[in-house]
């Protein structure tokens, strides 16, 4: 798949809450076809402490506006500087990178995301709708003040919500949500993205329920397109590159 | 002399021409007493390629507004980034550094500057006026499109102008200006700042004319306040630090 | 348009810009960014005698103007290389050189002998400088006697151009350079990574699984330049220079210090287009300075 | 508020933060920024037997996340130090330690013997690692035998705490560390600068007059951390760690790797307030992690 490196123009920088923001980035060139689960590598040119690029899932693609969006959680210097970008400034991306979620031909779909892990699910929801599949979402946040974009997700499917402190939706971790305690589990396919511990737990639940489960792994990456061999994860085939053979893996194949 | 390290707020960034700009910087604290010829060390925090601070002469001090100004010529990455600063942004300075021009008790004064070397002369002109001395200025530019602030200098004294290409003022280098060909040279004190070659030539002229001459040296500096010993120049006393024993030296003392 | 051709040890490079081993895979991935035939050459990832899984994850840490890696020579071994990789790369319209590693002298010899038979590989780069393996690797490159020994053993079986890549983790780089020259090296590559370490103060643990790893990127450029210059003055064989080259100016600095050819390593991660941009930049520099050929700047540093 | 006291080789430091030789003058200049008694200690600029003018200008170059210097031990010699500098610094309310350099063993011995008589100097730091002088300096610190020899010679005349500052430009830092330990060192300081070089591509000349110089700053932090950790495991005497420390997090990394005390060098140039900020930051870190004493993090790196 052909890859590109060029500047995008910041169209919007939308603060969701103190820790999260969405960057809508407009391409000066027509966007190539992009699939849900793929990511970009961002050059944070205004942050002296940030030498390597930073990987971010593609949160949404709007071909009409020729934009793609990133949903970013502030963690360190790189994301802090990205959060200060203003409309009109530029951001250099390498994209589109990685494999993508498989698109089921039939069956019921649950998209599961926690924290900034929800990022690729919006795009996946949109994509599935275009393939005439209406997924359900199960989204976990720390608390009500971090809950955002529920109306957006609702466009693409039903939304279940949980917060760690119970301030909105069901109380507790995602994996304690009542969708998992239904007598007959309705989902044939689960797609999950979030912190490692959460993905582990979700994958375990999926296996128990007999549902297929794909997870999108986080990882420390240097290149992001397969040449440095820094980003490996152990699978049934040995060490595989998360940036090329992943970031999306069938959870059953992982030795994590 | 007590020194300070803190953020200033950019009040103005005034482009003079394609290569020069003036930053007016407001201090959140009352400015200490500052003398003409002193400099600041600037932290260019938004330029990944700029590790060390950059030294700049103090172009002007306005105690009423509690601001100091820098006149900056774009040379490399550091100055390029400084040129992009917008009002409201901050700039961290170490100041006030170095020694300063001596203030004569009597006699006629000529302030000579070329290019960005004019920077400290505005402040010196103002200072001398406050001491009831009206200096003359001899200022050299590359060409008319770089000539700027003549009205400002004129507030403090008579202005002689030269441009390399003759597009404004007298044609040729500063040192070829007709002020130096007067039958009886009227100046007792000269203060000079600019490229090394120019200062050499001016110092030579001053010696020939029997005028006292102080020059403000440029130099590669690491610390800017006397501890690294990187910025030395040879004088009649051996290696002296340009950042502490200078930047202003009696030209007669230099072995350059 | 200046003449960018460089000939070292009989190998013609269409320009002095090549890509560093371990930072360019086998070139496949870069086809998605640009035409590989633009490049002077490609140094492919280290090949060892048999399959190696490499080190545990995490394998990298970001550091000021650089990074640490502890990939540890992950590769599928020489058999797989000959049967599966060579067919993919043998017709690249650029020089393809294979980086050869091992834990024992006989492993180096075995791999070199096999590659000697691959028609379209004009040279090997003997990696006696990998800091990320428990046995062999850097150990061969830090003692003059063993450096001579492994070079000579490979020289005996390898009939094409023998390049030896040195470790900067030594007291005297010129001593090692002379040692491999005595062993029969045709070309010296400088430098591999500096041995470094990163710690996560919050977890109080090393950032990478192997604790120490190899430091690369602009942070090491001053050390690399110094070593290229020292070796250029000490030995008479050509030098391939690298270590923190990010742009054409950096590349020119290495050539001035004495490198005939340069490699782009970590810079590929920051900008996949780095190598072609550097080629353009060198050309622009030569034109601007009215220098007819890239050859004219090799070792041209004015020291007075 | 955690306990920041550190005692090494019988010297009590009120906190582990000191300033590096050559990066703090004799402390005078910093009085204009803050109260020196905040500091754990001050390592003053190298003192030699007689007056030295140092190297020619230019003496520095900026490099990615670092700088090169070639100051070359400019100082007015031990007589001047005793008569003019010592009176100024002897009553600083912090530990003042003198960095001692020389071109010959007898010069080191002479200077050390003189400083032995200065009551308020509890220790010297033997600089056998300066890369910026033609004779002596680093040459003493890169060969185990000479490292032992110079250390032992000084040990014979110097009765207080003997620290020896090592050069990172060696194949095996642990070998040198053992050599100076055998020579009678009480404390090891790690690291001095890496030998590097910078070139101005436009003028095709070296940036600094001596061509090569010493690389310092964050660029070298991974190498410094690695050496501190290696030496911590190899010898049983305390370590003073430095190399690219810019903030409290860096300082804590060095302590976790095995340093009892740290030095702030190049960081002083970027932020004259760096050292007091680091003291505050270490305190904040210890409190946040519920660690009672700074001593508890020395060598506490969890490697499993």
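In this document, chain identifiers A, B, C and D correspond to the written order of the chains, with residue numbering beginning at 1 in each.
Keep in mind that, in the parts below, contacts are C-beta pairs under 8 Å (C-beta built on N, C-alpha and C of every residue); 3 or more make two chains touch, one makes a residue touch a chain.
Just so it is clear, the structure is predicted and the values come from calculations on it, not from any experiment.
K.L.:
Hey, how far apart are chain B and chain C in touch steps, shortest way?
P.N.:
2
K.L.:
What are the chains that chain A and chain B both touch?
P.N.:
Output, common partners of chain A and chain B: nil, no chain qualifies.
K.L.:
From chain D, which chain is the farthest off, judged by mean CA positions?
P.N.:
Relative to chain D, the chain whose C-alpha centre sits farthest away is A.
K.L.:
Using CA atom averages as chain centres, what separation in Å is found between chain B and chain D?
P.N.:
Each chain reduced to its C-alpha mean, chain B and chain D end up 36 Å apart.
K.L.:
Taking the mean of the C-alpha atoms as each chain's centre, how many Å separate chain A from chain D?
P.N.:
Averaging C-alpha atoms per chain gives centres 47 Å apart.
K.L.:
How far is the middle of chain C from the middle of chain D, if each middle is the mean of its Cα atoms, in Å?
P.N.:
Each chain's C-alpha centroid was found; their separation is 34 Å.
K.L.:
Which positions in chain C are in touch with at least two other chains?
P.N.:
63-66, 217
K.L.:
Quick check: what residues of chain A touch more than one other chain, meaning two or more?
P.N.:
Counting only residues that touch two or more other chains, chain A contributes 50.
K.L.:
Considering only which chains touch which, how would you classify the arrangement: line, ring, star, complete or other?
P.N.:
The chain contacts form a single closed ring, each chain touching exactly two others.
K.L.:
Among all the chains shown, which pairs meet the touch rule set out at the top?
P.N.:
A-B, A-C, B-D, C-D
K.L.:
Going by the contact rule at the top, pick out the chain C residues touching chain D in the complex.
P.N.:
My answer: residues 63-66, 68, 142-143, 169-171, 194-199, 201, 203-206, 211-212, 215, 217-223, 225-226, 229, 244, 249, 252-253, 256-257, 285, 297, 300-303.
K.L.:
Which residues, counting only chain D, touch chain B once they are in their complex?
P.N.:
22-25, 29-30, 32-33, 45, 53-54, 57-67, 69, 71, 74, 217, 266, 268-273
K.L.:
Contact residues on chain A for chain B in the complex?
P.N.:
Contact set of chain A toward chain B: 45-48, 50.
K.L.:
How about chain B: which of its residues touch chain D in the complex?
P.N.:
Touch residues, chain B against chain D: 1-3, 5, 43, 49-53, 94, 219-233, 238-239, 244.
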